[in-house]
Every structure is written in C-alpha cells, then in structure tokens.
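Notes follow the structure.
Order of writing sets the labels: A, B, C and D. Residues in every chain begin at 1.
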Amino acid sequence: MAPRRLKVAVSGLGRMGARHALHFLNRTPRAELVAAFSPDEKEIAWGKQHLEPYGTKLYTNYDEMLKHEGLEAVVIATVTTVHAEQAIKAINADKHVLCEKPLSTSVEISQSVVDAAKTKPHLKVLCGFSRRFDPSYRDAWSRCDAGSIGRPSVFRSQTCDKLDPSGFFVAYAQFSGGIFVDCNIHDIDLALWFFGQDSVVKSVAAFGITAVQPDLRKYGDVDNGVGVVEFWGGRIACFYSSRMMAAGQHDMTEVVGTEGKISVNANPIKNLVELSEPTGIRREIPPHYYGRFEQAFVVEANEFTECCLDDKPLPFKLAGAVQAVKIGCALQESLRTGKKLWFDETGRRVEHAQL
Amino acid sequence: MAPRRLKVAVSGLGRMGARHALHFLNRTPRAELVAAFSPDEKEIAWGKQHLEPYGTKLYTNYDEMLKHEGLEAVVIATVTTVHAEQAIKAINADKHVLCEKPLSTSVEISQSVVDAAKTKPHLKVLCGFSRRFDPSYRDAWSRCDAGSIGRPSVFRSQTCDKLDPSGFFVAYAQFSGGIFVDCNIHDIDLALWFFGQDSVVKSVAAFGITAVQPDLRKYGDVDNGVGVVEFWGGRIACFYSSRMMAAGQHDMTEVVGTEGKISVNANPIKNLVELSEPTGIRREIPPHYYGRFEQAFVVEANEFTECCLDDKPLPFKLAGAVQAVKIGCALQESLRTGKKLWFDETGRRVEHAQL
Amino acid sequence: MAPRRLKVAVSGLGRMGARHALHFLNRTPRAELVAAFSPDEKEIAWGKQHLEPYGTKLYTNYDEMLKHEGLEAVVIATVTTVHAEQAIKAINADKHVLCEKPLSTSVEISQSVVDAAKTKPHLKVLCGFSRRFDPSYRDAWSRCDAGSIGRPSVFRSQTCDKLDPSGFFVAYAQFSGGIFVDCNIHDIDLALWFFGQDSVVKSVAAFGITAVQPDLRKYGDVDNGVGVVEFWGGRIACFYSSRMMAAGQHDMTEVVGTEGKISVNANPIKNLVELSEPTGIRREIPPHYYGRFEQAFVVEANEFTECCLDDKPLPFKLAGAVQAVKIGCALQESLRTGKKLWFDETGRRVEHAQL
Amino acid sequence: MAPRRLKVAVSGLGRMGARHALHFLNRTPRAELVAAFSPDEKEIAWGKQHLEPYGTKLYTNYDEMLKHEGLEAVVIATVTTVHAEQAIKAINADKHVLCEKPLSTSVEISQSVVDAAKTKPHLKVLCGFSRRFDPSYRDAWSRCDAGSIGRPSVFRSQTCDKLDPSGFFVAYAQFSGGIFVDCNIHDIDLALWFFGQDSVVKSVAAFGITAVQPDLRKYGDVDNGVGVVEFWGGRIACFYSSRMMAAGQHDMTEVVGTEGKISVNANPIKNLVELSEPTGIRREIPPHYYGRFEQAFVVEANEFTECCLDDKPLPFKLAGAVQAVKIGCALQESLRTGKKLWFDETGRRVEHAQL
C-alpha cells in the first residue's frame, strides 16, 4: 500500500493560486490536490481545464470547500484582503494552513490569525515567505549561522520589479498595503531571519518617490521606496523597493558582518547563456519573481506537506509574519508622515529619539 | 476520470538509475513508475525503501520486468555495456525506450539499436543526451537558429569533472570507451545539434595526457583530452575534457558565429550566493554533473513521457547518437595512434589529407 | 623649444601627498614638480630620496615654498585641518590650487576657500574629487547625460574600506569630520554630479553603528553608516559607508533611472585573474582606494595641469565642494541627534516635515 | 643634478610606433625620446606635431637616426618585414633594442637577430611580448610559479580580434606570417612562459576556416584558427585565434594544473560600468588590443629603460622569441598541409608519430 498523501485544497486560482495548485498537483509527491476554490468564473474555467481532469474538485464557495471530505490542509492564495478571514476559518475547521504573504496589511488582523493558530497547536499554520525556501538564501543563512561572516551587522535588501507599463500596480496599490508591505515584506522577513527573530526595532524611517506613476500618490504610495530600520543591539537594515526596473525582476540581499559579507543575487541571471554582440556582452534576467523563485515555491509546497504529514515543526514561526507586517506598516507610516518613528527596548512606540 | 499516465519501468538503480526512478516517480506527473529492475542486491534494497512503498514492482530479472503487465516504456540506466542489448529487447517487446548515453561505446552496436528502432516506427526511442533538455542550451540553440550570431562556425565545448581522488574513474576507464566517448560525447552531440545533424566530418585529431592518473594509460585512456573535429563546409569543433577540476564540475560551450558568439556556462555557479572574505570574493560551483543538470533530466523525463502518450515526434533523432559515438570513437583512435584521421565528403574514411 | 610646463608644488608628503608628488613628477608630461613642502621629518627624508634628485626643492615652511620662484600651482595634500588655510594662502599668492577633499570638515571654512577663489577668477581652484576623473564614472555619467536611463531618480552609492585591524581610523576620527564627511563625501559629490549640481536637499537622515570599533563613539562617529538624502523634485540618494570590509576596498554606485540603471563597480576586481580552487572560484579585489583609483588621480593631475596652462574651464565648480560638505555635515548631525533634518525648497533649514 | 635618462629612438610611427613614441616621451620618466624614424610622410607629419615640439628629432633615414648623438636604445615598431634588419643594424651600432613581436615571420631570420645579440652581451635586446608585462598575466604566473595550481598541464589561450569589416587584415595577411604567427604568437610565448622556456615540442597540428574572409585563402591564411601543441613531458597547449569577434578584442588564457586552474581575462571588460536595459544586463569590452594592454606597454617601456640604465637582466630571454616563431611557423605549415607534424625529444622534426 502506498504511503498516504496529504489532502490539500487551494483557495484562489489567480496567477499565484494557479501556480500553487499545479505545484501541489504535479510537483509535491506526498500531497494530493483534492479541491480548489475560486469566486471568479475565469479562474474556475482554468481549473476545469487544468485541475478537474486530474481529480481536483472545484468550488465557488470557500465554506463548502472546507467541508470537502478528508480535506487536511488549505493553501490560501486569494487577494490579500481575505487572507486572514480564510485562514481563521480553515484553522477553525481544523485544517493545516499555508497562507500567502502577508497575512494582512493590518497588524491587528495579522495578529488575529496568530491568535487563532495558537488555539490549535496541533495544526501547521505557515505564512508563505517564499525566500525562506530559496536554496541561495538558505545557503547564505547557514553560512551566517555558522559564523562565517562574524556578527551580521548591516543588512541591505531589495525587491525590485520590472516596469509594468500597463500601470497595473497603481490600481493594485489601494489593496496592497503600500510598497513596503507589498514588496519589502520579504526583505523585512529576511532581516528578521538573519538578525534573529527576537530583534527589537529601535527606529523606522522611510522615503519614497513616484518616478513613473504619479497616480500612486492618491493611495499614499510610491514607486521607489527606501526604508531604514535600526534595531536595538547595533544593527541596521536598509531596504529598497522599486517598480521600474528596466531589465527585469531583481531581488538582492547583502549581509555585512564583522568578518565578511554574503550577498544573494547580486548578479541576477535568467539562465547560463551569455551573448557577445556588437554592443558588448549581455545576459538576460528573469522578468518576474516567479522566474526567480519557482523552485522555492515547490520546496515550500513539499516542506509544508512533510510537516503536516509527519508532524514536524515548521521551518519558521507564524508570529514572525506579524512582526514583519508591523515593521512594514511602520515604514508606510513614516513614508506618509515624513517622520522617523521611535521604539524603546521593549518595542513600545515612543516620541523621542533613542540614542 | 483522470487522464491516463504512461507506465514506465527503470532498468538499473545505480546512481543515475535511482535518479531516473525518482524523477519518474515524483516529478513526472503524466508517468507512473510501475517497475524497476536491478541485478544488484544493494540497489534492490534501495528500491525496496524508496520505490516499492509507492507501488513500483521490483525485478531482478530484466526479461521478467519487460513482461510487467501494461508496461509501456523502459528507461535504461544500467552499465553502458548492456545498454544496447536491453534497448533492443525492449524495442522487440514493443516498449518505448529512453536509453542513457551512449547507446554503446561501439559504433556497430549503437547502430544495431537504431536498426531495431527502425523496425518499430510507432515506438519512441530516445538516447538521453541530457543537455538537449537544459534550458540554457535550448535558449542558446534558439538564438543560433534565429540567426542571432550569423553562421555558427567554431564550436568549443568542454566536459570537465571535479577531481575524484579515489581514482574511481581509472577502474571505470576499461568500460567507459575512453574520455572522448564518456565525457565529450555530450559536446560532440551538441556540436552536431548546433552545426546541423547532417554535418559531415572531414578530419578528427585527438591529444591527451595523464596528469593525475598515469594508470589510465593501460586502458589507452587519458585524464585530459583535447579533440579537434573539422567538418566539411568550413566548420571546426574543439573539445576539451578533464578529470581534474579543482573547483567542481564544469561543462562549458561557446558557439562562435560570423556575427556574434553565444556561451553557455562560461561562469559556473552553484547558486546565487557570493562570499566576501579576507581572501577575496568567492563563489562555489556544483561538484557533479547532476548538480548542474538535475532540471534537464526532469524535463527529459516529462518530454519523453509526453511524446509517448501523445505520439509526438521526439526532440531529436536516435541516429544522431550513432553519429556522436562514431566521432567519439574516431577521437579515441586518433588519441591511441597519434594520427589525424581523414574523411571524404561522403563521410568515408580516406588515407590522405583533405584540403 | 619645448612647450612650457606648469611649475607645481605639492604640500604634504604623507601617503597621498607622496603619490601626488610622483604623479606630477613622472606621469604629468606638461607639469614640472619644482617644490614640495612638509613639516614632517620623515616625509622630508622621503622627499630627499624620491624628489630632490629630480630637481624638486624641499621646504619645511609652507610660506617659503609659496615664494618659490616661478611657482604657478599648488597641490594641497596635508591633513584636512589645514587644507583651507593653505588653499587661501596659495590663492592670495596667486597660485592655482588643487586641494584634496574635503576643503574642510566645516561648511563655513569650506565656503571661505570658495570666497577667496572668487576674488581671483583667473586662477584654477579645484577640489580633488578623484572619482570625477575615473573613466568608469565618466562613462556612466555620459550615458546618463545622453538620456540612456531616462531620468536619474534613485542614487545608491557606497564607500567601504577594508577593515584595518590596527584601528588607525579611531584616532583619525577626531579630525576626519566623521564617516559621512570622510568617506561618503565622494558619494555625495557623485550624487550632485548625477542629479545636477543645482539639486536642493529636502531632508537628511543618518543611521550608524559601531560594529567593530566601539571607541568611535567618543568622537560621535560610527564604523558603518547609512544616510538618506531626499532632494526636492523627487529624487533620493542613499549612501553607505563602512570601515570593516573583509575582502578589500569597495566603492560602488547605482543610478536608477526611469528607463534603465547604470552601476559602477558592482563587481570589484583587482585584475583579470580568476582562481579555480577546491573551495570554488575566487578573485581578489584592491585592498585600498588607491588600487582602485590610481588612474583617476593621474588623469586629475593631467587635466588640472591642462586647465592651468591653457586656461580651460575646470571640469566642475569649486562651489560644489561646499555643497557636498554641507550635506556631509547634515548627515553627521542627523547621526548624532538621531533626528531627521528638513530643508525648504530654497535650501533653508526648517523644523517641520516637508511633504 | 638629476639622474640621467636613457636616450631612446623609435623606428616607425605607425599605429603602434606612435604609441611607443608617446610612452617613451610622456610615460617613461627615466627615458628621453631623442629621435624617431619613419619612411612615411604622414607619419613624419604626425611626428612634427606630437614629438618634435618636445625635443624629438625626426629622421626619414634609419641609418642616419642610428648616428644620432648620444643615442642609447632603439624601439623598433616598423612593419614586421624589416624588424630583423633594423634590429641587427642597431645592435651593430651598439644600441639596446626593444623590437616589436615577431622578430620575423621566418625562423632563420629571427635566429639571426639572436645571433647578432649574442655578439654584444652588454646590450639589452628584448622582443616586445607585451603580455609578459601585463599585471594580470604576471599575477597568474606568480601564482603558478608558487605552486598554487600544482603542475600546469593544459594551457588554453586565445587572441581574438574584433571583426574589422574593412577587411584590412586580408591585404595584411601576405606579410603577417599567418594567423598563428601574427595573433597566436602571444599565446605561444605565454605557453612557453607558463610551461617553462625549455619545453620541447612533441607535435603540432593546426586547423582553420575562412568564415568571413574567403580571400584569405590566397595567402594560405584563415580567419579562425585552432592549433594544438603537445610538449614532451605530458603537457598540451591549445590555441585559438579569430578575426571575427562581434563584441571587441578578446584575449583569454586558462592554465589548468593538477590542483587548480587560473584564468586571465575570461570575462573581458572595458571598464567597471554595467548597464541594465530592457534587453538585459550589458557591459562593453575593449575594441582593440591597445584598450586591453595599454598599461602593459607602458610597463614594458619603463622596465626596458630600467634594464638598460641599471644593467639589470631582462625579464625574459630573446631566444624564446625564436622558439615562439618556430612553433608559429610549424602551426602555419600544419594548417597549409593539413598534416600533424612530429618532433623527437631533442626537438628534431621526425616523420612518425611519437607516443
């Protein structure tokens, strides 16, 4: 008899939801995609073609889907605004949860997911910080953890998207929580990972411009943002995000330690091809984050499955996701007000500069 | 009802056979690994642990395995010496075949597989030149094919292995067919792909040394080989193979055209991590070919499966595998005798220099 | 008759003064090093060996040197604290001046040099921002100027020194003006070059830690600094400086425009050598800024000479040097107080956030 | 009194001669360019503008120039066909000689220069293998010499020129000695440097095509050449030369040792600028060899001067230049005849394969 497989449902079959569905269907041997939900007709049509023939039942009602017989885990990849609600429902229905980042653009709502999860300690509830599953980031972290760069002290990290001339991200801005919550949330999470999840923020300051999309202003957002976070204990994180990269997507991280430096993706590549042309030597880079992180998403699916099936601890704690949103929201506040925000050593907001 | 999946068996569960088995078991959604064969006790033990629980039946007799009910395709990953025999048996048993390279180290035996395949035109018989499935090589080829470098004229390609201090490859040399057949067979196949499968060899010359393993001499082999192949029509291919790379595996290809150059893997990387240390800036590279080509093998498994199920043409013809072995054997002969070998425009061996 | 050569004196024969002296002696065909001054016995001893035999007269009194017959130009490379005084004296004595950066760590004193220069418009008075003469920076600037990246919008630049375990820079900190004035002054100057010399600062915020040299605290300095400068008109500059690079000196600049990005020295190299070793692939980088900018200093010497001899306009205005120091000092103030500083559109310091 | 300077004359003021002249005039502090010769009116006109005003006397008669009072050294940069004749005349006139490579395209004539030099052991006679003065090649050699890659065993080196659509090199081919003597002479010289000047050739084989300039055939030349040289003692050198690089000049060398590999210029760059554009990430490379080796030529001028003035031994022996031409000519013969040439352990040409 074959070992049993985790019965998984995916909620949301948009761009990333469809990918999650296919990862669980085809690239996660120990999982079985038994159900999928979408409120959207086009997404359901896609599901009929790509999922249903392989045994996945489609639902247009999330609550109905939760009742799918034998369902054990739910992957939430809907719009951010319903992440938390769906996650809490799933937890209450006793399902493991893998929820796309962020849990919510609100700190309080994010926290409510963590609180719900605490009531069901036997469940695995994971926030999908995909970079935590990327082999390069993992390699970098292991080296840091082994002390190879001394004490990590300065963390510089960016999430830069290829310019989308359609300006889609302007309309999207009203739901995204802003560039620091939407893009840099990954970098913030990485900072907490590399500096230690118990790092306490001392100050937050954000800066931004609208270089290509002035309309972002109306949502208090920018298309290029720089954020600096000081942590108690003598550490600094510097974040950059942009919506106007010409060559493609470019995430990049540098961890500067007292004895060395590690960088991840300082030199992005699409593949191993280099072109010598009359204009010089050229290489292409991935246009979108999925071209960069496809493998990380597949690892995520497999490890989440393994944790559920074998009752192993998740690779990182859910509470960190709230911490990341908290920092992201503070950066957005700083961006909006132009002010630097201060926190004492217990993490409490204070009015005065902390030296 | 779920679409049907191809019933596949793997023959040989050694290093590469085990990988093929896992690829078909876990990473080839449209295939089903129904059977596996190995004459080796340890390999069978491995199969009992990693395959049998998932529904794969294990055989210690190849002929018995071929009779497995419903079996449609066989992946041959045993020692090279039995590739051809097993491939022909499978063909005769009306199975599709994916055979590891080379078909044989002998041109005649390789040809016999092609001849057998011709008798069953409905079968898909593929020689596993994994680089043909590598995204970087495919990208390079598409660009060449689109004319972006003008006429490909000089082809330089290498297959260099990390030094294995155990000297395993010395013992292996007596079966491998020699360094040009074992390592450069990939580069030869690539040359034929990029120059055109109908390219006719004009001359062949090979050179070699035993820099680290003098014992290779007794098998007429070397640990560093340079081979040059001239093709009629004004094209040159230059191959390099080595068994003593310090940093890891390094395959590399350069296609020089009249209007540009494309290189593949000129700068090998293990991942996207770079280390700044007191000794400078450093990156690691994959130790072995599987670290470099894992994804290509998975694509190979999926495309082979698709061709079998949907009766699509294979991405390249089996006959090319014979051509590659023929060139590889000519290089080995040139290496042994020190002589340059000549061929006329019909590909027939001649005694005198062709100008 | 050979064309006449500019009669030059160098003031200060310390590390950089000695280099300037040799550049004017040996690598500036149109100049003649007629005199050199140092108050330091060891430096004079060095001069006796390396300069005097070639016709350079040595002085231990700066004022005396200024009276050297026929002297036309002075290169000031003494300690920063006397830059301004010596520059003004030279101007008053009707000499052209090439003064090492910064003119002073004080804005007022820097301005006094500019004021002095204004009284003698026929003199060439240049502040030695060496990167302005670096071929890579010049190439980058020309491309930006030609519009190849659209509108330069985000400027990221760093000056990072190799860790000097002797801790020399701690003692040095009391005179250096602090890390933003000492190291990032170059990056600030570059920002003004790439964004336009007339750019008006909107806000300044600085952050820093002492990761390796806690003693820097007593001088209000840090060993790792991050500074962010917003300019009116929607531009941001982000600076990083560090005293603890393991691999060597690393200056780096990225100019992000609305249609492309240009980077300078993202991948530092000492030379064109790459090493493949059991630990991977490695290259070395220059240990110090002179290894990186030697050629720029030589170009500087030659262009300064040409401007003096041929009465050509200098490549950039002296006033910019005050602007750079002003921004550097504002960053230092922000670092010390933890506060973000604000400026209105006329550049006047204001109390409240400008949005 | 200033230390005396070497009185130098340059013969030939063509492209490279003019550069040599300027190097000795402006960038070689211990030398003085007292004279220059050219039979060409245009070159003399150039000299009148760029040299004469600085005290260099121009000659249209080489023999007259040799009689210039006080002349100590001659730099020969005329067409290859008169290199040897002029070098011998200069030696006989008791002048030090720096002669551009090759001494001659004929082995015998090259040897006659060496013979002449032997009669005047007090003279410095140097063949201008510029790469011997390149900092990267020197760094690579020092590392090899220090044993850092074990025993150098395989040497791969290329000299590839940017495609010159004017086809100048076709007319030039009748004097150049052929691509192996003209381009790869540098690589051959490097092989002898890295393998040891006493290395004895065992076999030589060359291959070539005319991919862009079929007219080269009439001079027995090619526009892409591959040459393989086996040395006694188990070493192989593999050379590549091309006249059709799209992106620019690209020389490159790899030294593969038993314990590591060193490469020089595997990734050519024009400067430290990288461009991110909609088409990807791009860098430019130097269009011509002077862009790559300018600094090496300057070092060459300075070291030659130093050897003459201080009677120091030259960095390498003149005899090696004959050895390099000998190998280059053998490669040309192999190219013409299609035959592999054999040599015994004493370097004597033999008919039969040496195993």
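Methods note: a contact is a pair of C-beta atoms (placed from the backbone, for glycine too) under 8 Å apart; a residue touches a chain by one contact, two chains touch by 3 or more.
Given the structure is predicted, the values throughout are model-derived calculations rather than measurements.
With centres defined by CA atoms alone, the chain at the far end from chain D is A.
Between the chain pairs C-D and B-C, more C-beta pairs are in contact across C-D.
One inter-chain figure worth recording: chain C and chain D are separated by 39 Å, centre to centre, where each centre is the mean of the chain's CA atoms. Separating the CA-averaged centres of chain B and chain C is a span of 57 Å. Annotation for chain D: residues touching 2 or more other chains are 245-247, 259-261, 266-268, 270, 276-278. By the touch criterion given at the top, residues 149, 151, 153-154, 156, 203, 205, 207-212, 224, 226, 228, 230, 234-236, 238, 240, 242, 244-247, 256, 258-261, 266-267, 337-340, 342, 353-355 of chain D touch chain B in their complex.
Partner chain D is touched in their complex by these residues of chain A: 245-248, 250, 267-268, 270, 276-285.
On chain A, the positions that touch chain B within their shared complex are 2-3, 25-27, 29, 53-55, 135-136, 139-140, 143, 148, 259-278.
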